[in-house]
Amino acid sequence: MPDATFAIPFWADLVAVGVGSLQGAMFASGFRDRRLDLLGIAIIGVATGLGGGLLRDIFLVVPLVALSTNWYLVVAVISALVGMLLVQLFNRLDVMITILDALTIGLFGAIGTTKALSLGLPVVPALFIGMVSAVGGSVVRDLLLGTRIGLMHVGSLYAVAAGVGATTLLVLFKLGVPAVAAAIVCVVITTLIRLLAVRYGWSLPEQRAL
Amino acid sequence: MPDATFAIPFWADLVAVGVGSLQGAMFASGFRDRRLDLLGIAIIGVATGLGGGLLRDIFLVVPLVALSTNWYLVVAVISALVGMLLVQLFNRLDVMITILDALTIGLFGAIGTTKALSLGLPVVPALFIGMVSAVGGSVVRDLLLGTRIGLMHVGSLYAVAAGVGATTLLVLFKLGVPAVAAAIVCVVITTLIRLLAVRYGWSLPEQRAL
Amino acid sequence: MPDATFAIPFWADLVAVGVGSLQGAMFASGFRDRRLDLLGIAIIGVATGLGGGLLRDIFLVVPLVALSTNWYLVVAVISALVGMLLVQLFNRLDVMITILDALTIGLFGAIGTTKALSLGLPVVPALFIGMVSAVGGSVVRDLLLGTRIGLMHVGSLYAVAAGVGATTLLVLFKLGVPAVAAAIVCVVITTLIRLLAVRYGWSLPEQRAL
């Protein structure tokens, strides 16, 4: 098997974690009647920004990258507190945040999918790991906040964007495209689908019975 | 220690996963006002059919069997979507589904308990792993749906059936009965207790204080 | 690096687990309208008393100590059932329970932090593991009961006490203080902060935006 490793610069990884944590704190600010305290916000930040990567590594039974250096946790907590303090500013930067978040799920999905491949997982589990990496943080966030899990319900495509991106990566990789190139295509496709879904209100059908 | 390995044919394992996933999707169909989408149903299918095995392997710190081949995830997702589409048909097959599900928790319990034994765990943790394997999927399902966890509340015996079956397996195994024979007794006992509990409304007492 | 190992006598570890499980069952008794059954109480006991240690070992990707002997699960289940039966007695022993619980989070925090250090984790992840060890059980308990996660909301300091204790341990250890001495200081500080917070109603500020 060709080498499936795909790495992004460390600073880019930290920016992606920061975007996730900031998003999580902004989401938590909608629960103002619930009296979340500063620690609650920090926990939501860690869960949202690092949850996908933690679940990825637990499912792969490998050492948790998020615990291998001080930086991930520090960036997650600070980003969450900044997101909390400046939520009104960031709400006005809505478009920028949506773009950064779309990029983030693309990056996390590509990193997760290629990591699973490089550990020898078959394609369907690699796709599963890619999607968990991309959107697992939002599931953990919703569980901890006790709210319904957003991505399981009708709404603009989020996990599906990550899934299509990861599937493309897998197809290209199996066709012999180098992992790095396939990963870049994955990021672009995930980001595009996510942004177009937000723009045009694309969604999956609701559950239905025959 | 004698060999504690107990394996069932691969197709039987897939059928058991499929039954779990189909059950999960049928359960989720009761939340029609919540606008779960197709991805939500697929997630519930994966969680219910594979959740017990995933938790088992995470607790045992071994590679996740459910991610070792493409089949488990594919069967889980397809079963969930079929369960969603044909929920009215399967609701009429209520008795058959209950029997298959009772068999499934018996099989999952026997596989989990013997796997824990073969990895050298003492009997009480092996019993714990057996019960997690059998009913962990239903706990993950309830957590993801944000509903109360059914098996923690008064209702017809479910986890208890798995627990009695696994305990019997452990006693027989310690008495020198080969693992395969002990596992078969476990499946029979679990299935019987579960079906009799449904038929006669057996339940555990509610919590109470002196 | 100097040796970071810190061990407490096995009986003390079991007492700490028992206190946690008893506390969990007492907490669950407040949900009397929900018809939790005996198994539900046992599950809450295991989750509260062992949840922090299970999460710690899953995050560290090492064999789960709680499953290495029969004793932990047995003590957790029995303590939970005793807590359920004698909840009115223990409610009158409120002060004693609060003190024992404060000691327990101090002990779990010190064990977790030093275990993380001895496995080579950097200081911030070691602090994270220490806090998860100390208060993870209460988070799992709240998730399983479907109630809001107490420690994320304004209330008397709980996780913060564990965090300050673990931080002190890390500072002392990096200054060359032996792990055992640093761990004892951690237990004392955590217990003191927790008890003073209960006594004087100390809490973290609620989330707020600029």
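As written, the chain order gives the labels A, B and C, with residue 1 at the start of each chain.
One rule holds in what follows: a residue touches a chain if its C-beta (ideal position, glycine included) is under 8 Å from a C-beta of that chain, and two chains touch if they have at least 3 such contacts.
Predicted model only: the values in this text are computed from it and were never measured.
Chain contacts in this assembly form a complete graph, since each chain touches every other chain. Where subunit B touches subunit C, under half of the residue numbers in use are shared by the two copies, so each contributes mostly different positions. Inter-chain spacing, taken between the CA centroids of subunit B and subunit C, is 30 Å. Within subunit C, contacts with two or more other chains are made by residues 58, 61, 143, 146.
Of all residues in subunit C, those touching subunit B in their complex are 28-29, 32, 34-41, 43-44, 46, 54, 57-58, 61-64, 66-70, 73-74, 84-88, 143-144, 146. Residues 58-59, 61, 121-125, 128-129, 139, 143, 146-149, 151-155, 159-160, 203-210 of subunit B touch subunit C in their complex.
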